[in-house]
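Per-chain numbering from 1; labels A, B and C assigned in written order.
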Amino acid sequence: RKGEMAKLTQLINNEVFRAYATYTAIVLLKMMLMSLITAYFRITRKAFVNPEDTDAFGKGESAKKYLRTDPDVERARRGHLNDLENIVPFVGIGLLYALSGPELSTALLHFRLFTGARIFHTFAYLIPLPQPGRGLSWAVGYAVTFSMAYNVLKTTWLL
Amino acid sequence: RKGEMAKLTQLINNEVFRAYATYTAIVLLKMMLMSLITAYFRITRKAFVNPEDTDAFGKGESAKKYLRTDPDVERARRGHLNDLENIVPFVGIGLLYALSGPELSTALLHFRLFTGARIFHTFAYLIPLPQPGRGLSWAVGYAVTFSMAYNVLKTTWLL
Amino acid sequence: RKGEMAKLTQLINNEVFRAYATYTAIVLLKMMLMSLITAYFRITRKAFVNPEDTDAFGKGESAKKYLRTDPDVERARRGHLNDLENIVPFVGIGLLYALSGPELSTALLHFRLFTGARIFHTFAYLIPLPQPGRGLSWAVGYAVTFSMAYNVLKTTWLL
């Protein structure tokens, strides 16, 4: 019954939906980790953007010098934004895909590839690895989301 | 039966949910397209942000000059961020709206207006069209999402 | 029956899901408000980024001086981006959490804490309040989302 939407009454025990929930929670937690990494670099590199954030270093000119950009902070922020740009489509399209009745093995392949690619992407961005490491991992995640969107539109198309 | 939440047991054949899935997939794919447009401008304008991305142009000073901002790249990036800011609320509120049991014709009007407005917004941003073209298309998408949120809160309100 | 996924057939009358819908609509509307606040500062501070946005102030050099950054505009934009980074995980993980069958009182505690923390965070960012006001409100929202993710993974874990 490929291509037929799964009965939502069975969603509770639906393994595809459970798999979706597991991998979505993992990639969203991974995205949230970027906040901690950015904060870590801001504190260790003493590079802040809000004047009220440097008050702990003293008032006035002595603290003002910490209002600056730092390459490591900016790199973590770019990784975070790239996560937002790619994980948001995965979460939205993935939910519709999980409800469109795919085979468990096919769905798991999609979810695992995406999650693995995004975790690799983070390492490739932060270390950083030489290209095309980061570019390829981005492309894998992109292709997986595109494939899920194709399956959603094939099943639900109603303009 | 306006205002009554649709029976989720019928979600499979629920035309409102199918319409939501179709338009959500379309606007998320449109948002994903912004990554390709940004990459296109980065490559054709030779304007990169990560040192490891310019290694293909040779090592050292010769490649360093490509670590720069470019107006077209920045414009595509602003369009992408504006998509994130507006499409995320549409996807989240739209799902709740689709489950709140609206008439199909009303729901289609919301989804079509939003999708059309965001596609127009992208053209208005990238060409660029004179204002208030971009501003108005932004406002249409914003008003549609607000209208859906109003309907969700009217149906589900439980603080 | 803690830990057992709620029957989706009862989702219509499911109070946890209604609570999720209410608080998700509220925090997404709050996030959308950041667009209006940024626009307000752009107009009152006359600080724009797109050349076509300053045409109302006359063509040529007289308008060009309004293509600049402004501290209040940048602060509102940072608040908006911080919302995206934190509200996206809440909406995605919160949906899975609401479907994982938590007690209504526990779920309400999560949703209320998150919503209150993010509203406080916005005030703390815009006024701005001295630290650690903003930092603590960010941490409360973060911890709530993490707690929901833990419950989702405990219920659905299927790698």
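Just so it is clear, a residue touches a chain if its C-beta (ideal position, glycine included) is under 8 Å from a C-beta of that chain, and two chains touch if they have at least 3 such contacts.
Computed from a prediction, not measured in an experiment: that's the story for all the values here.
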* Select the category (line, ring, star, complete, other) that matches the graph of chains linked by touching. => complete
* **When chain A is superposed on chain B by its C-alpha atoms, the rotation angle in degrees, nearest 5** => 120
* To do: For copies chain A and chain C, work out whether under half or over half of the interface numbers are shared, and give different or same accordingly.
  => different
* Asked: Just how far, in Å, is the C-alpha centre of chain C from the one of chain A?
  -> 17
* Structure fact -> Residues of chain B that touch at least two other chains are 8-9, 84, 88, 95
* **Complex contacts: residues of chain C adjacent to chain B** => 8-9, 11-12, 15, 17-19, 21-22, 24-26, 28-29, 31-32, 34-35, 49-50, 52-53, 55-56, 80, 84, 87-88, 91, 95, 112
* Asked: chain A touches which residues of chain C in the complex?
  -> 4-9, 75, 78, 84-86, 88-89, 92-93, 95-96, 99-100, 128-131, 134, 142, 145-146, 149, 152-153, 155-159
